[in-house]
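I've put the structures underneath this note.
Shared chain: chain A. Partners: chain B in the first complex, chain C in the second.
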Partner chain A sequence: MAIDATSVTLRSVTKSYGQAIAVEGIDLTINRGEFVSMLGPSGSGKTTTLKMIAGFEAPNSGQITFDGDDVTNVAPEKRNIGVVFQNYSLFPHLTVGQNVAFPLKMRKVPAAERAKRVADALALVELAGYERRRPDSLSGGQQQRVAIARALVFEPSLLVMDEPLGALDRRLREVMQLEIKALHERLGVTVIYVTHDQEEALTMSDRIVVFSQGRVEQVGTPREIYDEPATEFVADFVGESLALTAAWTGTDVVAENVGGLSIAAPDLPTGPVRVLWRPHAISLEPISDAHEIHVRARVLTSGYAGGVVRARIALPTHDEGIVSIPAVGGDYTTGASIDLYLRADRAIVVPTDGRATPSDLEASPSDMEASPNTLEAFGADHG
Partner chain B sequence: MVTARVRDGRSAASPLLVMPLLTLLAIFFLIPLGTVVVRSFTYPADAGLANYVRVLTDPVSLQYAGNTFRMALIVTVLAVIIGYFYAYAMYKSRPGWRIFLLFAALLPFWTSLLVRSFAWTVILRDTGIFNQLLIGLGLIDEPIPLLRTSFAVTVGMTQILLPFVILPCWAAMARVDAGLLSASRSLGAGPVATFWRVFVPLTAPGAAAGAVLTFILAVGYYITPVLLGGPADQPIAVLIESAVQQRGDWGTAGALATLVLIAVVLLLAAGWGLLARAFLSRKEA
Partner chain C sequence: MTRSIEQTVQPTKSLSHGDPERSMPKGRRAGFSLRWWWIVPTVLIVVLLLLPSLVVIPMSFSPSEILTFPPTGFSMKWYENFIEDPQWTKAIGNSFAVALVTSVFAALIGTPAGIALGFRRWRGQGIVLALLVSPVIVPPMVIAVGMYVTYAQFDLTGFWGLVAAHTMLVTPFVVVTVIASVSQINPAAADAARSLGAAPFTVITRILLPLALPGIISGMLFAFVTSWDEVVVALYLTDPGFKTLPVVMWDQLRERVDPTVAAIATILLLITILIMIVVLLRGRRRKVGN
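And then the complex of A and B:
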């Protein structure tokens, strides 16, 4: 397949349904051949943005361009975009082969060439020879592969995927993530991938756009989003962390009952802040050559979670958090004390946004390897 | 085609649950039907196939049968076309309008068939609303004779039978996954191609169900063609009625009824076969 990838630009795109504003003032540039994930909780505007890019919805204001051409009001069938939907959206009245041939028929591709390209597209998703099968006789993973073949067979310049793996079980999802990534690398098509699964976004993307409440919260590479979250929301939504409520005085970051944290001065106006540590920056024992902040936490509740003990802890700053502690270290019953050593050079400082924590929305269990000195933690923001 | 969700938990109990209904059907439907069929061979006692031979060679009954099936076919085609697009208008409407359209379609259902048929005579007769309107507009000088014509029967029966098409069509449309229509558009099909290649095939089973219902009902129609039609529009039901009511000839009536039943079953089987071939085994892409 020869795909001529397109770039996509959104300029102050706004969409509202009656009184409800779905997205507000979205500015975004997606480069040619890039794999960009739109990440956010449900209702954050990521799917609405995708629908406007695909042409299913028209923005109330703003402009969308492909390679500089204004497509804001162009009908979806004229945009040359492959769309993959969460529930596959295969035509139940057509066979697999007819489904994949559908976009070619619409483009009046001659029958002989059509058959060849259908076979090629099915081979691409490892379903060669499935032409005569009915979609409902295939498994969920196979159906989604057919949907991907159908979305790619006409060599679109942009592939848009709306939570394509949402309906699949975890194991299959991980396999498909790698398959989609491999397809992207092979074909070079621009991909816009909507998901609410932060792990999926981190694994697959060149860049991630984090959405919250109809706005873009942060755009960055997975590493930037994880290591340098711009806001409390991004820090909470992407990855796990332990957070302290603190205040930035202009000279020092001070937390209640802990005192000055002696961490690098944040580039923020003075005021209330949150200081976060990712699991790899938290230890149970001091490491001699690193400057660490020692806090003593108290276990509120705990439970064995297979190799680790998952404990809700109270911090001296009156924050609460959840940590996963390697189970070899003790049983960490209610009331027990845990000493935590937080690496000062890995501290992430974000302004307090005063919004509800997204951790209730996104409580995916972590499969991270836990070494005896490392804690897995994700913040439970009660500050 | 249409996804049917089978609830396994209920299947074990269902044969028992339908027993009362089956009993009722047996007593009030199957036994009378059986009696009709039996009498077509045994009335008079030595009839055998004589009733059938007489009916099938009688030009009058053949002509009436022709009237019946011709009219049923015309009405079915018209009702399916009009009813499908009526349901589509409901599908496309905002919820408020949709309820109004549904109500408008169902309203005639709640009045008796006789009243509805008489209503059409009021509209279509020489001094009726239709002719008055045309005369009032100066389009015609003399009333057009509409009553006692095939036109009147067609219009009346189509209108009366429309809900039987609208409801199954609407039910099929309401189940259509809007995502499939979006998918079609994204794959390069414009609104018209999406309608014909995706929406219509997905909702065709609803239309087919409506067609079957309409056809069966139309074949058995009696009051409406008698009230609205002329001599050339009289249905076979008239012959059956006169055989029973005027001559007490249960044999002829039974033979006619049995033949109509057989013809309907055969036509339906042929119709289903055509539909199945049209939608299940299309030419490979």
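And then the complex of A and C:
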């Protein structure tokens, strides 16, 4: 297969359905041959954006270009895009072979060449010889592979996937993630991959676009998104973390009952912030060569999760969090105290956005109450 | 104890097991059973409807000049009478022609409507569907009188008048069966076809129509059977030169009770049963296919 990959650009693209704004002012450039994931919770606008790129929806305003050519109002059948949907969209009245041959038939490819290319595409997804099977006789994973073969057989310059593994079980999903990644590396096609699974996005992508409430929250490599989240939403949505409510005073980050953390956030305006630590920056014992913040947490509930104990804990700052602790020794039952050592050099400071996110529901009321003044007050008590 | 819990959670699995101990508490499972509730209506239908209908079969083979039960002997003369009397053969031809043309027209106008109503949800759908199935709800006598008065104004009687009236009566069947099969289609299938290079018209001919076909055929069979033995509207819209089979039967029954009617009724019964068997077998094959 010889694929001539395309680049995709969105310029201030906005789409609303009546009063409801689905996406607003999206600006995005996807490079030739790049694997880009659109990550976000349901209703964040990622699928609407994908539908506009594929041509199933037209934006209310803004422009979409492929390799510089304006395709904003081009019909989907003229865009030369392979699309893979979440719910297997194979045609049930056609065989596997006829399904994969469909786009070639639409392009009037002669029968002999068609058969060869169908066989090649099926071999690519390791389903060689499945031509005569019926879609409903295949497993979910096999059906999705046929859908991928069908979306690639006509050598599209762009492959768009809308939660393609969403209906598969976890184990199969992980296998397919690597297969899709390998296909991308082999064919060099530009891939836009929509998912709400942050782990999937981190594993597969060259770059991730994080969506929230119809806007792009952050664009970056998986490492940037994970290590340097730009907003509280991104920090909460991508990866596990332990978060403290605090305030940036201009000289230090100060948290209630903990005091000054000796962390600087020079890029932020003074005011309420959230300080986050990824699991690798948290330890149960002090490490002498790094500056660490010691907090004593109380276990609210805990459960054994195979190798680790997952505990919901209350922090002195009135924040709650969930931590995984190696299940060797120690008392992690309800009411127990745990000493946590948080590395200051690995702390991530983001401005408080006051938005409730799934892992943040209990903590959000105190976010709202936090004002620089009150925090100054107990900063003085402890400092 | 644990075993009985398994039983309630997975009844289908336990039934397929050969283990006698597992299948023992079968009847007690939910405390009471809904399984036997089919008995009352089924027995009533058999006793009060099916058996009396089947009486026409022995009667049609009776040699006596009037309809009698039990039959007094065996004779095929009423069947001969039916075949030899041009009044009957013409009527059966008329009925067949009306039913065939009606079911084709109903498919032509009902299929697009069924696709429109079944494939995607939209506002006002309920009202449109209610209007489309109204022929099934409005009393046939009301329809018949109304049609007679208005159609007669335009001389729309005889074959085309009856075809027009019947098409309106049976289109709901096609609409409903097409909705049933189209609503099974994954809405992403149309988007997928577009992305693969199919223009909107091609999506209809290559994807939607083939997938709607089982519903179209079932609807046409219902339409055919309904038109074939429809009598109320037919009584008003036929004229002396053009009568369908049910109309001639009605005339005959009023004049004299001739066992030819029993012979025809037997033939009608046979045709209807055959068509229903075809419908049932098709439904079954589809289930096996899935």
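We take it that the second predicted complex is superposed on the first by the 355 of 383 C-alpha atoms of A that agree within 3 Å, B and C clash if a C-alpha of one lies under 4 Å from a C-alpha of the other, contacts with A are read in each partner's own complex, and residues count from 1 in each chain.
Rule of thumb we're sticking to: a contact is a pair of C-beta atoms (placed from the backbone, for glycine too) under 8 Å apart; a residue touches a chain by one contact, two chains touch by 3 or more.
If you're wondering where the values come from, they're calculated on a predicted model, not measured in any experiment.
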Chain A as common anchor, with chain B and chain C clashing or fitting: clash
Partner chain in contact with A:171 - chain B first, chain C second, else both or neither: neither
Partner chain(s) touched by A:132 [first = chain B, second = chain C, both, neither]: first
Touched partner set for A:85, first chain B, second chain C, both or neither: both
Touching partner for A:150 - first (chain B), second (chain C), both, neither: both
Chain B versus chain C as contact partner of A:75, first or second or both or neither: both
Partner chain(s) touched by A:115 [first = chain B, second = chain C, both, neither]: first
On chain A, positions contacted by chain B and by chain C: 54-56, 75-77, 79, 81-83, 85, 87, 89, 91-93, 102-103, 106-107, 136, 150-151, 154
Complex contact set, residues of chain C against chain A: 186, 188-189, 191-199, 202, 206-207, 210-211, 289-290
Touching residues (chain side chain A, partner chain B) in the complex: 54-56, 75-77, 79-83, 85, 87, 89, 91-95, 97-98, 100-103, 105-107, 111, 114-115, 118, 131-132, 136, 150-151, 154
Contact set on chain B toward chain A in their complex: 1, 3, 177, 179-180, 182-190, 193, 197-198, 201-202, 279, 282, 284-285
Interfacial residue positions of chain A with respect to chain C in the complex: 54-56, 75-77, 79, 81-83, 85-89, 91-93, 102-103, 106-107, 136, 147, 150-151, 154
